[in-house]
Amino acid sequence: MPSLAVRLGLLRLESPLVLASGILGVSASSLALVASRGAGAVTTKSCGLDPRAGHPGPTVLPVTEGLLNAVGLSNPGADAMCEEIREFKSRCPTTLLFASLFGRTVEEFGEVAAHLAAAEPDLLEVNVSCPNVSSELGLPFEAKSKELAAITALVKKKAGDIPVALKLSINWGPIGEQARICAENGADLITAINTVGPGMLIDTNVMRPVLSNQVGGLSGPCILPLAVRAIWEVRRSVDLPIIGLGGVASSEDALQLIMAGATAVGIGTAVYHQGLDLFERVNQGLLRFLAEKGLEDLSEVCGAAHG
Amino acid sequence: MPSLAVRLGLLRLESPLVLASGILGVSASSLALVASRGAGAVTTKSCGLDPRAGHPGPTVLPVTEGLLNAVGLSNPGADAMCEEIREFKSRCPTTLLFASLFGRTVEEFGEVAAHLAAAEPDLLEVNVSCPNVSSELGLPFEAKSKELAAITALVKKKAGDIPVALKLSINWGPIGEQARICAENGADLITAINTVGPGMLIDTNVMRPVLSNQVGGLSGPCILPLAVRAIWEVRRSVDLPIIGLGGVASSEDALQLIMAGATAVGIGTAVYHQGLDLFERVNQGLLRFLAEKGLEDLSEVCGAAHG
Amino acid sequence: MGDAMRTVRVKAIVEHGPGLKSFLLDGPIESAAPGQFVMLWLPGIDEKPFSISDLGEAGLEISVKAVGPFTRALMEVSVGDYLGIRGPFGKGFRLADRTLLVGGGIGVAPLRFLYREMGRLRLSAWLVVGVRTAADLIFPDYFRSLPDCLIVSEDGSIGETGIVTDVIDRIIDQAGTTRLAAAGPEPMLVALRDLGERRGLKVELDLERYMKCGIGLCGLCCVDGSGVRLCVEGPVLSSAELRGVTDLGRPHRDATGRRRCGPD
Amino acid sequence: MGDAMRTVRVKAIVEHGPGLKSFLLDGPIESAAPGQFVMLWLPGIDEKPFSISDLGEAGLEISVKAVGPFTRALMEVSVGDYLGIRGPFGKGFRLADRTLLVGGGIGVAPLRFLYREMGRLRLSAWLVVGVRTAADLIFPDYFRSLPDCLIVSEDGSIGETGIVTDVIDRIIDQAGTTRLAAAGPEPMLVALRDLGERRGLKVELDLERYMKCGIGLCGLCCVDGSGVRLCVEGPVLSSAELRGVTDLGRPHRDATGRRRCGPD
């Protein structure tokens, strides 16, 4: 009997599928809804120290086979998020909860991590790669090696026993290099990729950018090849388990990321295109794949495309 | 009577539409075919000093709303290309011909430029951003500020009176910064963007990358928002005319690039999705736009989205 | 591609009273179900959810009450200006015979559309419209002209004096309705739900929560409890669905996702 | 999504002779026109164009002659191995009554498919198959079994001795064909075009040029003159289209896009 369970570092997930950060991730109730649909883990919306309303609308726009978003890291703040985490954990004991976080300074990353760690999430995911808050927060920290190293080390210290993943994008140079910096500073996992670009959409009637933030990150099926490549690159650079995501909308897509080197696979935008049933559908597709190839579990094909 | 003619620096194009480099660009006959369909200018395949067969197949793969390609700069070499350029110019006197070139070293860029300049193309477009020859040629030169500056200056010297465009991508950090380096070293125009990524596609049956080069650049409708943003960025950084391209498949798309700051608009991958009639269709759409808004020509909306 | 942003011109504006207007937009929606909403973009300002208050040959109608920065800015819009539209989104009311429609304040907007659609389908409908005062009612002449419409106002300046719950029992008795469809302030909706269920009616309520994406991703519009996304599975919920909502009539989440302290 | 790459297993292999094999692939093409081709990917090696030599319930058939590195590597493939397919691409032959089909060497591959399709549609067809020697012919028993098929070989080892152009006039006279469809080496095709036009036939030729993308972008397969893309507007061209081809029977372009010096 093939099994979908995977070992992600020290964690065990019943399914490799993870709800991506930023998708239905502000309340215990919405996270629980997704958990009930077959995700092995769910990730909260990236959380900062204080409540943030994010950018004015429009913040999320459909584009060709994808989305452009500049939500702007709206979140209820670390303390409110801790309540949601606790509520989720008591409601959904078999689904893992990953708490995503960001900070405006290196120190703030540490503070938020310390706050969230108190609620005992199963993983802390450090968002150093959000591409749509630059006008306010400057370049994403992943673009600055020294800060990336410092954030990784600091969060790791505050996290105690909780494993720490650094979430990277492809927007600021070689992702393999960034992953190496994270690994050297104690990261337990790499999550890749965050949204791409950023990009922009201009309305030709009013002749201005449509997103209130002007630019936003690109996600969805159109970025899948970029995600496959990024994970391939990370896998070659570091020896850490990878949560791969970017454009996954089918079990075929998930398998591409797994064969490139991912252990778990995040799903975000496809929830918009395909609804919440997608998790169960992809799970079924993965089980079919294992059965057809006569495999026990997905670890047998993790990174298989590296030959 | 609105007119589609645009002034691109010192050049005058009957239509702002330009056939992108790499598309139907190896022979005078194929370029003439496109010219007859309504392009204001056509660009040759990027040409090096010597003939190159490029990568083994597969080299071009359809992905979600786009293409992944690693043709690998196959080209007949500068001397053979000069013949094609001369033949094209005698066959199509009203369509401009842009000659794209690359080199393996800074010096070689200069050599190729000198060769091609002899055939008197209307523009030399310098491809410093091809993302699918790294395993052989190393990082694209756009990623290395010093070389980028040197190549720009050298090609400019060899080009004589022929205007020089530097073609950039978004794959190696801030494109605005790169454009600035080009401008400071004498570039007359900026072309943006080259293909994105690179990306990768893995076949889950044979469990290996499908492109023989493993990775390839992403193009087509899915990269449009990234192109809009890139042109926006270039426009803010430098005061040079821009040949904007990336994912254009309609007059709406073309207008987005124009409002972001492009003077001329390249079309590549959409030829695959929509056929050669696309040039005429986009021309018609642009004329309709001018008529509806009561505008004389497109210069009135170039960069309009910057407010 | 109804989900993509399209900008369209404002064709006509009706001013009902101070800070209360309806906007007729030139397209771009072909069809929608009453209860569905659109995201309305005011270029340079913001984007907010609004119910469709009518849809037909003439175009798309939105009725807006000024309550804050965005809706106040909307009041400055002129005919010929461009507005952006995404949608229609969500799930609307069921169209079924013998339905009692109850709208409070600007909540009558979607019921105007519902009543018209039911008329087109020759389904019998009764309409109760409640406002604080006459100046709060959109299209007063229209509602007054309807045969099966009862208007109530708290100050008696239009229709009967009172609130909607005062008159519901009477209508149910007279008309023999079997369904209740309501939109308006949440305390009113809760009262109507209780009343409707007591009378054995099938109840549907049009709820509001903070909405950002409109397409089921940001999670801000999820009700507490079942986690249902009002922008996709709602905004109209049935009695059964409402049973999963633990924050009904209680403070909701704001733009940050935080639960508010006081009542909304 | 016929254009995307799909890997499929080899179901069966027929060895016709040294360096001459047909491969039956498990799917993935539902329908195609005779004359259309696919891009065949041998993982780890390369990807090259091949005509469809048959398509039916059993699967997709490709017939290959070993001439270089790729086709030789194909000879090593075993049943159960995966091959990648993109396509079908291009424009095939017109299916019309009273057509004379002429194939030379491995060029008979697309005509095998064309003959079958014409049979299914009950269109009358005559087939002339020319090879250097018996060992160069795919499915010899099949072709021998066809009533309206004439085989010629240069060395007389199978069928009549001679080349195809020797027998065409005779068949046209006997059968009263009005159309000619041909595939094979380009010098043969040029001769057939001249002969066909002299006899007043409508001529279609299945041409070959270097192909890389298969989808009309790389430009390598464009004929000189009209610039027509053989992978999209061809590979089958009509007499009228052939008039625009200035490099017919002359050296073509190679993988670099350079015109070859000698004949192909």
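A, B, C and D are the chain letters, set down in written order, and residue numbers restart from 1 in every chain.
By definition in this document, a residue touches a chain if its C-beta (ideal position, glycine included) is under 8 Å from a C-beta of that chain, and two chains touch if they have at least 3 such contacts.
Since the structure is predicted, the reported quantities are computational estimates derived from the model, not experimental observations.
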item	value
Set of chains adjacent to chain C and to chain D	none
Most distant chain from chain A, judged by the mean position of its C-alpha atoms	D
Approximate Å spacing (C-alpha centroids) for the pair chain B, chain D	36
Approximate Å spacing (C-alpha centroids) for the pair chain A, chain B	34
Inter-centroid spacing, chain C versus chain B (mean Cα positions, whole Å)	50
Residues of chain B whose C-beta touches two or more other chains	63, 201, 208
Junction residues of chain C, two or more chains touched	none
Touch-based graph of the chains, sorted into line, ring, star, complete or other	line
Full enumeration of touching chain pairs	A-B, A-C, B-D
Residue ranges of chain B in contact with chain D within the complex	22-27, 29-34, 45, 51-54, 56-63, 67, 69, 71, 74-77, 80, 201, 203, 205-206, 208, 210, 212, 268-269, 271-272, 275
Residues of chain B defined as touching chain A within the complex	63-66, 68, 170, 172-173, 196-202, 204, 207-209, 214-215, 218, 221-226, 228-229, 232, 247, 252, 255-256, 259-260, 289, 301, 304-305, 307
Contact footprint of chain A on chain C as seen in their complex	1, 3-5, 7, 39, 41, 43-48, 82, 84, 86, 212-220, 222-229, 246, 253-259
